[in-house]
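First chain A sits with chain B, and in the next complex the same chain sits with chain C.
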Partner chain A sequence: MAAAETHATQAARWLRFPSVRTIVLTAVAFAAVFVIIFPFLWIVLSSFRDPGHFLTLHLRDAVPHNFSIGTYRLALGRTDLLRWIGNSLIVALSTTGLALAVAAPAAFALVRLRFRARGFASLYLVVAYAVPSITLAVPLFVVLVKLHLNDTFIGLIIVHASFTIPFSTWVLSDFYRSLPADLEEAGYVDGASLVRVLRHIVLPLSIPGLLAAGAYAFILSWNDFLFALVIMNSNEHFTAPVGIHAYFTGQNATQEVWASLMAASTLVTLPSVILFGFFQRYMVSGFLAGAVKG
Partner chain B sequence: MQIAGLVLVTPAIVLLSMVVAGPFVYVVWQSFFEKDGKGATLANYDWFMGPDFWPTLSHGLVIGGLSTLIEVVVAVPLALLLNERIPARGLLRGLVTLPWAVPTIAVATAFLWLADPFYGLFDQIGLETGVLKQPISVLGDPHYAIWAVTVATAWKGLPLVFIVILSSLQALQAQYLEAAKVDGAWRLAQFRYVVLPHLGSAIALSAVLSGIYNFALFDIAYLLTGGGPAGLTTTWPLVLYNQEFAAFDSGRASAVGVAIFLAGVLALVVVLGLDALRRRRYT
Partner chain C sequence: MAELRLREVTRIFRNGVRAVDGVSLDIADGRFAVLVGPSGCGKSTTLRMVAGLEPVNAGEVLIGGRRVNDDPPQRRDVAFVFQNYALYPHMTVAANLGFGLRMRRVPRSEIRQRVQETSRILGLEHLLDRYPAQLSGGERQRVALGRATVRDPAVFLLDEPLSNLDAQLRSEMRVELVKIQRRLEATFVFVTHDQVEAMTLADVLAVMRAGVLQQVGPPEEIYARPANMFVAAFIGSPKMNLISGAIADGGDGPVFSAGSIRFPIPSVGGLPDTIVVGLRPEHMRVDPEGEIDLRVEVVESLGSQKFVYGSADGVDLGAAIDPRIHPREGERLRLSIADGALHLFDAASGARLP
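For the complex of A and B:
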């Protein structure tokens, strides 16, 4: 959308009757987007079926006739889903905190400070981003076992946080680049040290950038399956994705199992989708950096 | 400045060294040692001469390549469409990128559920409309399983390709299209000679990155089919997982891990090289 476009011209555009071309394009766009989000819509819709008649052979019963939250009751009652979600929260929130604590200073330094290792540090981020996760699964598992950090939250948090650092740093770099340096310079002129400038000027201004990078770190950690599968092996430490997987593969796919699977999948998807809905606009710079630099 | 910069960057470098660079060196090192052997050897790499090499490679290339092709073929028209001035454009763009945020476990649930032979929507619609004579298990069928994994992979990967292509499209300055219009170019000609060449690099780049990512993707195939039926959806990441966590052979698993990495590097070098040649021809 052009930056110069004002609300008035926007309103004028809306008041005009749309052309046939616009109507056709809009219809096609809505249809295409519906098809794309359908798999996700379908589990959400299925999660509201009556769990007593969850499995049906007839197409006419596929869409629930009346709204029921029985599947959710089933999922929370029959499995340790609440505990797994709690574990996921602990891991994802700690990952977010650690990733931001590390990525924000790095991003600031890369944008604002001139130092000799700067080029090396930028390159290091790109190279680290380029190594496939699966290649690292074996050595990370072996090393964590040696350090007795397998099947612990700390082990998983360190792994998740590290994998989010390149992206978080790029989102924050982009943010700092858009921030005028005048305020910091005013701080230096008034005799403040770098630490004071960071603490009292940069940090308060960083909050939007931190939210975007933090949302990314949270989603990545919350959604991760591979590392949680490799690192966690006891039920009380499972994160939600691994717990749901263990529950589903541990038995025959009966009506109750399918029903609770729909509810559990919907519940575990909601936090990521909501966060992403709020912050995706600010994450785009990171996606593009990943594509251009990677 | 010198010291402050170093101090601020150090925690990130240390963490990445511990979790990415260090383990990467370790995996390369480990790939040269056999399970019970003493000295360094290339024995772990003899798997690449064995009978499983080509089938597993071809599964990976089919899943990685075709899923990427689907992503690009869907993302380019979709980006063009959502770059037009239509109502609710922002909302629609947001919804297209939504699959990126859906956890893989829920992606797997959705596709397992849709593809269930008796209770799944695909089979029910197929049976009701007469397309199917009898229920089929898409994910258990030797012919269809790999396509199901491919589609699920493409679904998850579409948003990133879409975002890169849409951004590239937004960066195309209106004046070029205006110039083409003044010269009397039709919409199709504008697309062919102005928009498509402009998008070329974005498409090439997002496609090769997505292809590399999907080739190295473990969790969708693992959750949907576990590599079955009869190993027909087993890709290198699944071979690696089975070597490490079923056969407990870290040396062989490491060798596969190194191969996955090298395959990605090779693909990147080839595609970036070709793109550079293409650009030189245009300018």
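For the complex of A and C:
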């Protein structure tokens, strides 16, 4: 009894007076989050200001007094934003599909099957990341011109696939390593061929991994500015980041241009944010409970 | 149903370790064979080679007289029960049970009928719509067994299937397993590191150590005549006492001596100078005239049985005694050895002497 009371009082004291360590760590965490989130927060808040008084920068105006969606009307009215977002969707969805279609079997093979050059292939996936993408932009552009694929969706999708495939393979390899091999072995013993084990056992169990890798691939493609800028040069093929950039740099930065920039940026960031929130729920743990032991 | 034969089966891992080294084993149709040995002895690897989950580097695996070395698991007609059950987490119990039949393109109506029958026998009828995550450990175990039995395979392979169950459930499942095996009249190969499990389940017991088969035979025979010191110490609980000592000529036959312990041993031709005498704890009894003087250090009482452990002039010994005798720790106890209870081993090679 006495011991229990002591514990209770200790807990109460701890709750009332958190240790210095806790306070410091919490403060650092909040500061870090603030630094990361501030620009985005600023963009979102600004996008709801009145476009007529956009550049009056008083601190008291940081939070808009009366919410206005005028900026969004401007952004959608004056630019081809919807078309650019559509283009981005075409490119990002195709890239994601292509990346998963290639990465899922590749990752499975790297983790489970034994073949020549397996070690080299694994290593190459990582080494490919050591090359800064900026050095690839021009060579890739030259290749695409030779193939007559510059300024086409297919060209950009291929280029995006060139970095989303290794990345997704890497994410999925980790996922497959966490899948118990016993399940596949049970499938073989139950009479299933490799193809049927893949279809009936591995694929259904891969859904969380595919969602995670797919979300990553989508966001990488959606957020790409560099390659899209180099490869696309007609307005009707611009992806959202390139379109916004072209609109903004193409004219004097008036109040309205700034305002529509904030609105457009908010709209374009939204899918990434939603996807991140969504895919967090599909973490590997938990899903496999009950397969083994438990 | 089929017989299983292993001929000089060898598995060498990529790091050069000979996990299984020239194992030969004949298991007749319908027998319950148990592979037993300490962890890392190659028993699971042997089982996986039979299933086709592990390549065979040398030797032959024959199921029903057919060489299956190069057949993938799906063409071997074996069932495998995994230690962790390996139930498909995204399928219901019914789908788990029926998966093997589905993969073998058995008609849907027959699948349903066989799943029903199996689940009735194993008491799983009320669980058919559940997912593995919603089952208890014992229920998962039954589903894993059901998945094996529903298909009527040539050979059943079970890799430590009881080790994740608690003690009570384990002994229940032990009995149930034997019942299932008898009813199916199927060939079972069961792997375990638990010698009690091995002794109680096996028709044929195979003891392995470091990839090498040590002894094969009925459990009683292995208990009565262990082929070497390893088997002697591994089979039997509590462990057999192994006492190393010297041989002297005692006039009317050889006499074994270790410290102050001296007793005559049966004369066998060509005894080495130093031998190890094996003596099971249950083959000693309290006797004021006994040749062993034990200083008791630990007393273990199990109700129906009582074990004492201690030392006799520097030699550590354990003995099973009459549970009605109540020796105290520190007390001295005289013990005699039952007739014909001694096992003699070559101290150098560990092999059984006569």
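Basically, the second predicted complex is superposed on the first by the 239 of 294 C-alpha atoms of A that agree within 3 Å, B and C clash if a C-alpha of one lies under 4 Å from a C-alpha of the other, contacts with A are read in each partner's own complex, and residues count from 1 in each chain.
The criterion applied here is as follows: contacts are C-beta pairs under 8 Å (C-beta built on N, C-alpha and C of every residue); 3 or more make two chains touch, one makes a residue touch a chain.
Not measured: the values here are computed from a predicted model.
Of the two partner chains, chain B is the only one that A:Thr169 touches; chain C does not reach it.
Of the two partner chains placed by superposition, only chain C is touched by A:Ile201; chain B is not.
Look at A:Phe276: by the touch rule set out above, it reaches chain B but stays clear of chain C. By the touch criterion defined above, A:Leu183 lies against chain C but remains apart from chain B after alignment on the C-alpha atoms of chain A.
By the document's definition of touching, of the two partners only chain B reaches A:Tyr124; chain C does not.
For chain A, the partner with contacts to more residues, out of chain B and chain C, is B. By the touch criterion defined above, A:Ile37 lies against chain B but remains apart from chain C after alignment on the C-alpha atoms of chain A. Contact with neither chain B nor chain C is seen for A:Val145 once the two complexes are overlaid on the shared chain.
The contact surfaces that chain B and chain C form on chain A in the two complexes overlap at residues 287-288, 290-292, 294. Chain A meets chain C in the complex at residues 180, 182-183, 185-193, 196, 200-201, 204-205, 287-294. Chain C meets chain A in the complex at residues 51-53, 72-74, 76, 78-80, 82, 84-90, 99-100, 103-104, 131-135, 137, 140, 147, 151, 164.
Residues 1-6, 8-9, 11-13, 15-16, 18-24, 26-27, 30, 74, 78, 81-82, 84-89, 92, 94-107, 109-111, 113-114, 118-119, 121, 124-125, 128, 155, 158, 160, 163-164, 167, 205-206, 209, 212-213, 216-219, 223, 237, 240-241, 244-245, 250, 253-254, 257-258, 260-261, 264 of chain B are the ones that touch chain A when the two sit in their complex. Against chain B, the residues of chain A that register as touching in their complex are 13, 18, 22, 25-26, 28-30, 32-33, 36-37, 39-40, 42-43, 46, 55-59, 62, 101-103, 105-106, 108-110, 113-118, 121, 124-125, 127-128, 130-143, 158-159, 161-163, 165-166, 169, 194, 219, 222-223, 225-226, 229-230, 240-241, 244-245, 258, 261-262, 265-266, 268-269, 272-273, 275-277, 280, 284, 287-288, 290-292, 294.
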